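The two complexes that follow have chain A in common; it is paired with chain B in the first and with chain C in the second.
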Partner chain A sequence: MGEVLILVLRSRRFMIGAVLFLTVLAFGVIGPRIVHRDPFQMVGGLFDSPSEKAMLGTDNLGRDVFTQLMYGTGTSLLIGFVAGVVATCIGVTVGAVAGFKGGFVDELLMGITNILITIPSIVVLILLSIAIRSRSAMVMGVIIGITSWPWTARAVRAQTSSLKTREHVDLARISGYTAVELIIKEILPYMFSYIFMAFILQFSGGITNEATLSMLGLGPFQTVSLGVMLHWALLWEAVRTGAWWAFLPPVVFLTITSFSLMLINAGLDEVFNPRLRKS
Partner chain B sequence: MTMLKSKFARYVLQKFGWYLVAFFIAVSLNFFLPRLIPGNPVRVLVSQLATGGVQSDALARIYDNYMREFGLDQPTHIQFFRYFRNLFRGDLGTSFMLYPGKVSDLIREALPWTVALQIPTILIGWLLGNILGAACAYKGGKFDAVAFTLALAVSNIPYYCLAIILLYGLAVHNPIFPVGGGYSFGNFPELSLSFFLDALHHYTLPFLSMIVVALGGQAIGMREMALYELTTDYVHYSKALGLSDKKVIRYVFRNAMLPQITGLAISFGTMMGGALVTESVFSYPGIGSLLFTAIRQADYPLIQGCTLIITVAVLLANFLVDIAYGYIDPRIRAAQLGER
Partner chain C sequence: MVLANAVTQPEGVRLLLEVENLTKIFGSARNEVVAVDNISFGIYPGEVMSLLGESGSGKSTTARMILRLSKPTKGRIIFKGQDISTLKDIDYWRQVQMIFQDPFSSFNSFYSVHSFLGKAFRLTNNHLSESERTARMEQSMESVGLNAAELLFKRPHELSGGQRQRLMIARALLIGPDLLVADEPTSMIDASSRVGILNMLMDLSRKHKMSILFITHDIGLAYYTSDRLLIMNEGKIVEEGTAEAVVDAPAQPYTKRLLADVPTLRKAWDEEQELA
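This part shows the complex of A and B:
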C-alpha cells in the first residue's frame, strides 16, 4: 500500500490533477459556507461588466456572476458525485453478479446491459427529465447515475469472471463462504483500483451530463449549476453580445473540473498499469 | 465459402434481433416517459389560448378537438398501439408550438443539417485521432507527453465549451466567421456554388469545435491499444529481423485499429448529447436547435419526435458498425455465435 502511495505521489499527472480538483472543490464547497451570499440576489443590471462591486460582473437578471459561479460549482460537483456513486454502485453490483454467477443470470444481465448501451443515454436522460417535474440537484444526480452504469457493469463483469477462477476464491469457497461473501471479500477488493477509476470517470461524466441537460433547459430547479448558468447566458445571447463574464467562468470551471479528473485518472492508470509507465 | 456466408448471415440476423429489442424498448420509453408528466398538456395548451380572450364554449370545442388530434381521448394501450402504427407510416404527430405543423415535416427539414455536420465530424475525428494516438505510442518521449496531455485536455471538455469559446473568439471578438445559423439571412437552400460556399462558411466553427474533441478521445484509446501492441512478440520479432520502423508501425496500426472500430460505434452514441447542444450554441438549423426550442416551449410531441429520430440514428449507426466489425474480424462473429 505504501509503495502505491509513493508511486501516486510521484505521478506528475496525478498531482497536477489533484491540486486542480481540490482547488475547484474548495471553491465550490467551502466557498459558499464562508461568504453566505444569496446567489439569486440582484446586485446590478443586465450584463453589467466586471467592477469592484461585482468581481465577475452580473448575469442576465443582474445577479452577481462570482457568487453564482461559487454556488453553481458546488451544485455541479454534488450532481456529478451523486451520479458517480449511483452509477458505480449499480454497475459494480450488476457486473459482479453477472460475472460471478455466469450462465443464465450472466446472459440475462449482460443482455440488458448491452441493450442499454446501444440506446443513447442522452435520449433517456431527456425523457426522464421532462417526466420528472421537480428536479432537485439530488434527483438529477440519481437520474444521471441510473442511465450511465452499463459501461461499468460490462467492465466489472469481465474482471470478475477472470478473478473468480483464482485459487484464493476456491479456497474461500470450500471454507464455506456464501456467494455474497465471496464477491465482497474475495473478488471486489482485488479490483478496487479499477472500481475507483471507474468512479472517477462516472463522476466526470456526471458533471458533463448535468451541464448538457441544463443547457438544453432541463436543469435542476431553484438552484444554480454551471450548466444552468450557461443555459441563461445562451438564451440571453451573452456570447453574441460579447458579455464574456457571463459564459466564460462556467466554461472554464467545467473544463478545469473534467480535465483535473481526467489527469487524476490517467495518473492512477499509470500507477496501476505498469505497462503504461514509460521511462 | 457458402458456409462462411451462412455464418455471416446468422451473425447479421442475430445482431438485428438484438437491435430490434433495443429499438422496441427505446420506443416504449419514448412513449411512456412523457406520459408520466403530471397534468394534461392539452389543458395547459388550451389555457394558454384562453389568455387570448377566446370564448369558453369555443375553448371546450378546441379542447375536445385537441384531445382527439393528439389521440389522448383513448385508453393508454390503444394510444401505444396507434403510436407504433403511426410511426411506421412516418407520422410523428402534430407539434404544439407550430400547430397544426407536422412533427415529421419539422424533423425532415432539420435532419439533413445534423447529418451533414455529424457524420463527417465523427469519421474524420476518428481517423485523425487514431493516427495521433498511434504516433504518441510509437514516438513516446516529449511528443507523447505534450500530445497526450493535450488530447486528455480536449477530449474531456464538453463539446459546447469549446464551441462557446470558438464562437466568442472567432465570430464575436474577431468577426472572421458568422455568429450562427446554417446559411446567411436572405440566402435560400438551393443547389448553387454561392449557397454552398456560404453554408461552408457557417459550417466551419461547429465542425472545428466538435472535431477537436472527438479527435482527442479517439487518440487516448488508440494510444493505449498501440502501447499494448508494441510489447507483443511479433513487434519484437519484426524489430529483431531489422524491419523498418515504417513497416512495424503499419502492423501495429492495423492491429490496434481493429478494437478502435468499437470506439467508432461508441462515438455515435456518446457524441450525441454534446453535438445537440453545440448546434444550439451556433443556432445551427439541425435537430439540436429544434430540440432546444421544443424543450423551451414544452412541445412534447416535437421533443418525442427528436428523441426518437436520435435513437433511430444511433441504433442504425451502431448496427452498421457492428456488421462491419463482424465482417472484418472473424473472431467477433465466432464469439457472438457462441462458438468460442
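This part shows the complex of A and C:
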C-alpha cells in the first residue's frame, strides 16, 4: 500500500490532475459556503460585462455569473459523483455476477448489456429525463448513472471470468464460502484498481452528460449547474451578442474538470500498469 | 472395476472413495474435448495413492471433480458409501480437502496467514473463540515445521514457496479430512523443500490415518510416496497396481516410457564417459 502511494505521489500526471481537480472541488464545494450568495439574485442588467460589482459579469436576467459558476460547479460535481457511483455499482455487480456464474446467467446479463451498448445512451438519457417529473441534481445523477454502466460491466465480467479460476478462489470455495463471499472477498479486491479508475471515468462522463442534457433543456430544476448556465447562454443568444462571460466560464470549468479527471486516471494507469511507467 | 491390488487391503475394509465410470467432456458437441474418459478406481482409508500422467492427461480434472469443483459429464463418485452429489458441500469438504499445485496463486495476497488459516474454521469448530482459534493455528503451524510466532501475521508475499505449501498442509490439518487430494504439491517448489514436504505428508497420513491422492507427473515421486499407482493417458487409466508392481514390471508402453524418462545422475555420468 505504501509503495503504491509513493508511486501515485511520484506520478506527474496524477499530481497535476489532483491539484486541478482539488481546486475545482474547493471552488464548487467550499466556495458557496464562504460566499453565501444567492445564484438567482439579480445584481445588474441584461448581460452586463465584467466589472467590480460582478467579477464575471451578469447573465440574461442580471444574475452574477461568478456566483452561478461557483454553485453550478458544485451541482455538476455532485451529479457526476452520483452518476459515477451508480454506474460503477451497477456495472461491477452485473459484470461480477455474469463472469462468476457463467452459462445462462452470463449470456442473459451480457445480452442485456450489449443491447444497451448498441442504443445511443443520449437517446435513453433524453427519454428518461422527459419521463421523470422530478429532476433534482440527485435524480439527474441517478438517471445518468443507470445509462452509463454497460462498458464497466463488460470489463468487470471479463476480469471476473479470469480471476474466478485462480486457486485461491477454489480454496475459499472448498472452505465453504458462498458465491457472494467469493466475489466480494476473493475476486473484487484484485479489481479494485480497475474499479476505481472506471469510477473516475464514469464521474467525468457524468459531468459531461449532465452538461449535454442541460444544454438541451433537460437539466435539473430549480438549481444551477454548468450545463444549465450553458443552456441559458444559448437560449438568450449570448454567443451572438458577444457576451462571452455567460458561456466561456462554464465551458472552461467543464474542460478543466474533465481534463483533471483524465489526468488522474492516466496517472493511476501508470501506477497500476507497470509497463506504462517511465523508468 | 476390480482394483488390481485390492488384495493389499485387509478383507472387509470398505473403500473410502469410489470413482465409477467418471467422464468429463469440455466444449460443444462439434468441438468437444474428452478430458476424462470413463475411469473407475477406489481409495482405501489411510492409503496413499498416486494418479500419474503427463500434462493434459486428465489428472487435475479428475481431482477437481472429486473435490466437487467441477461437475462430471457422466459417472459418479461415492464417498463412504454415499453418492457425493447427495451430500451437502460443507459436509463433504469437511472430509475431503485439497492442496493445490501453485503455492503462489493459492493465497489471496490481500490477507494474512492468520486469515488464510482462519478460513478452515468455517468447516469445523466454528464455535471456537478467537484465542482458541489462534492457539490451534499456532499448533498446526508448528506441526508442519513453521514458526507461528514469526509467520502468523505475515502476508503471502513474505513467505517462500515451501512455507506456503506447508501452510496449505497446516490448513488441511486444522480441518482434519479423511481424504486429502494433493495436486502436484511439490512441482513449484525447490528440490530442497520437496522431500521434506513429501515426508511430512506421508507422516501425517500415517498419524491421522488420512488417505492421500497424489496427482503428479513424476513417477519417481509417485513411487517414493505411494502404496498404489494409477497411470493416466489421454483421459483413460491405462495401468494400475502397487507402486512396486508398476515400476518393476510395467505392462503398458506408456508406463515404460514414463519410467524411461526419469532422469538419473548415473545416466548423465555414463553419457559423459561415452563422450570422453
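As a convention for this text, the second predicted complex is superposed on the first by the 277 of 279 C-alpha atoms of A that agree within 3 Å, B and C clash if a C-alpha of one lies under 4 Å from a C-alpha of the other, contacts with A are read in each partner's own complex, and residues count from 1 in each chain.
Note that a residue touches a chain if its C-beta (ideal position, glycine included) is under 8 Å from a C-beta of that chain, and two chains touch if they have at least 3 such contacts.
Everything numeric here is computed off the predicted structure, so don't read it as measured data.
Peer 1: Consider chain A as the common anchor and indicate whether chain B and chain C clash or fit when overlaid.
Peer 2: Fit.
Peer 1: Is A:175 touching anything from chain B or chain C once the two structures are fitted on A? First, second, both or neither.
Peer 2: Once the two structures are laid over each other on A, A:175 reaches chain C alone.
Peer 1: Would you sort A:186 into first (chain B), second (chain C), both or neither based on which partner it touches?
Peer 2: After superposing on A, A:186 lies in contact with chain C but is clear of chain B.
Peer 1: Is A:166 in contact with chain B, with chain C, with both, or with neither (first, second, both, neither)?
Peer 2: Second partner only.
Peer 1: After the superposition on chain A, what angle is formed at the C-alpha centre of chain A by the C-alpha centres of chain B and chain C, rounded to the nearest 10 degrees?
Peer 2: Rounded to the nearest ten degrees, it is 100.
Peer 1: With the two complexes superposed on chain A, say which partner A:27 touches: chain B (first), chain C (second), both, or neither.
Peer 2: A:27 contacts neither chain B nor chain C.
Peer 1: Counting touched residues of chain A, say whether chain B or chain C comes out ahead.
Peer 2: In the superposed model, B touches more residues of chain A.
Peer 1: Quick check on the superposed pair: does A:230 touch chain B, chain C, both, or neither? Answer first, second, both or neither.
Peer 2: Touch partner of A:230: chain B, not chain C.
Peer 1: Rounded to the nearest Å, state the minimum C-alpha distance from chain B to chain C in the superposed three-chain model.
Peer 2: Here the least C-alpha separation of chain B and chain C stands at 7 Å.
Peer 1: Across the complex, what residues on chain A touch chain B?
Peer 2: Listed in rising order, the residues of chain A that touch chain B are 13, 111, 114-115, 117-128, 130-133, 204, 208-209, 211-212, 215-218, 230, 234-235, 239-240, 242, 244, 247-248, 251, 254-255, 258-259, 261-263, 266, 275-276, 278.
Peer 1: Which bits of chain B are touching chain A when the two form their complex?
Peer 2: Residues 18-19, 21-22, 25-26, 29-30, 33-38, 140, 144, 149, 152-153, 155-158, 160-161, 164-165, 167-168, 172-173, 179-180, 224, 227-228, 231, 269-270, 272-274, 276-277, 280-281, 291-292, 295-296, 300, 303, 307, 310-311, 314-315, 318 of chain B touch chain A in their complex.
Peer 1: Tell me, which parts of chain C touch chain A in their complex?
Peer 2: It is residues 67-69, 89-90, 93, 97-98, 100-102, 105-108, 110, 119-120, 122-123 of chain C that touch chain A.
Peer 1: Going by the contact rule set out above, which residues of chain A touch chain C in the complex?
Peer 2: So the residues of chain A touching chain C come out as 166-168, 170-177, 185-186, 189-190.
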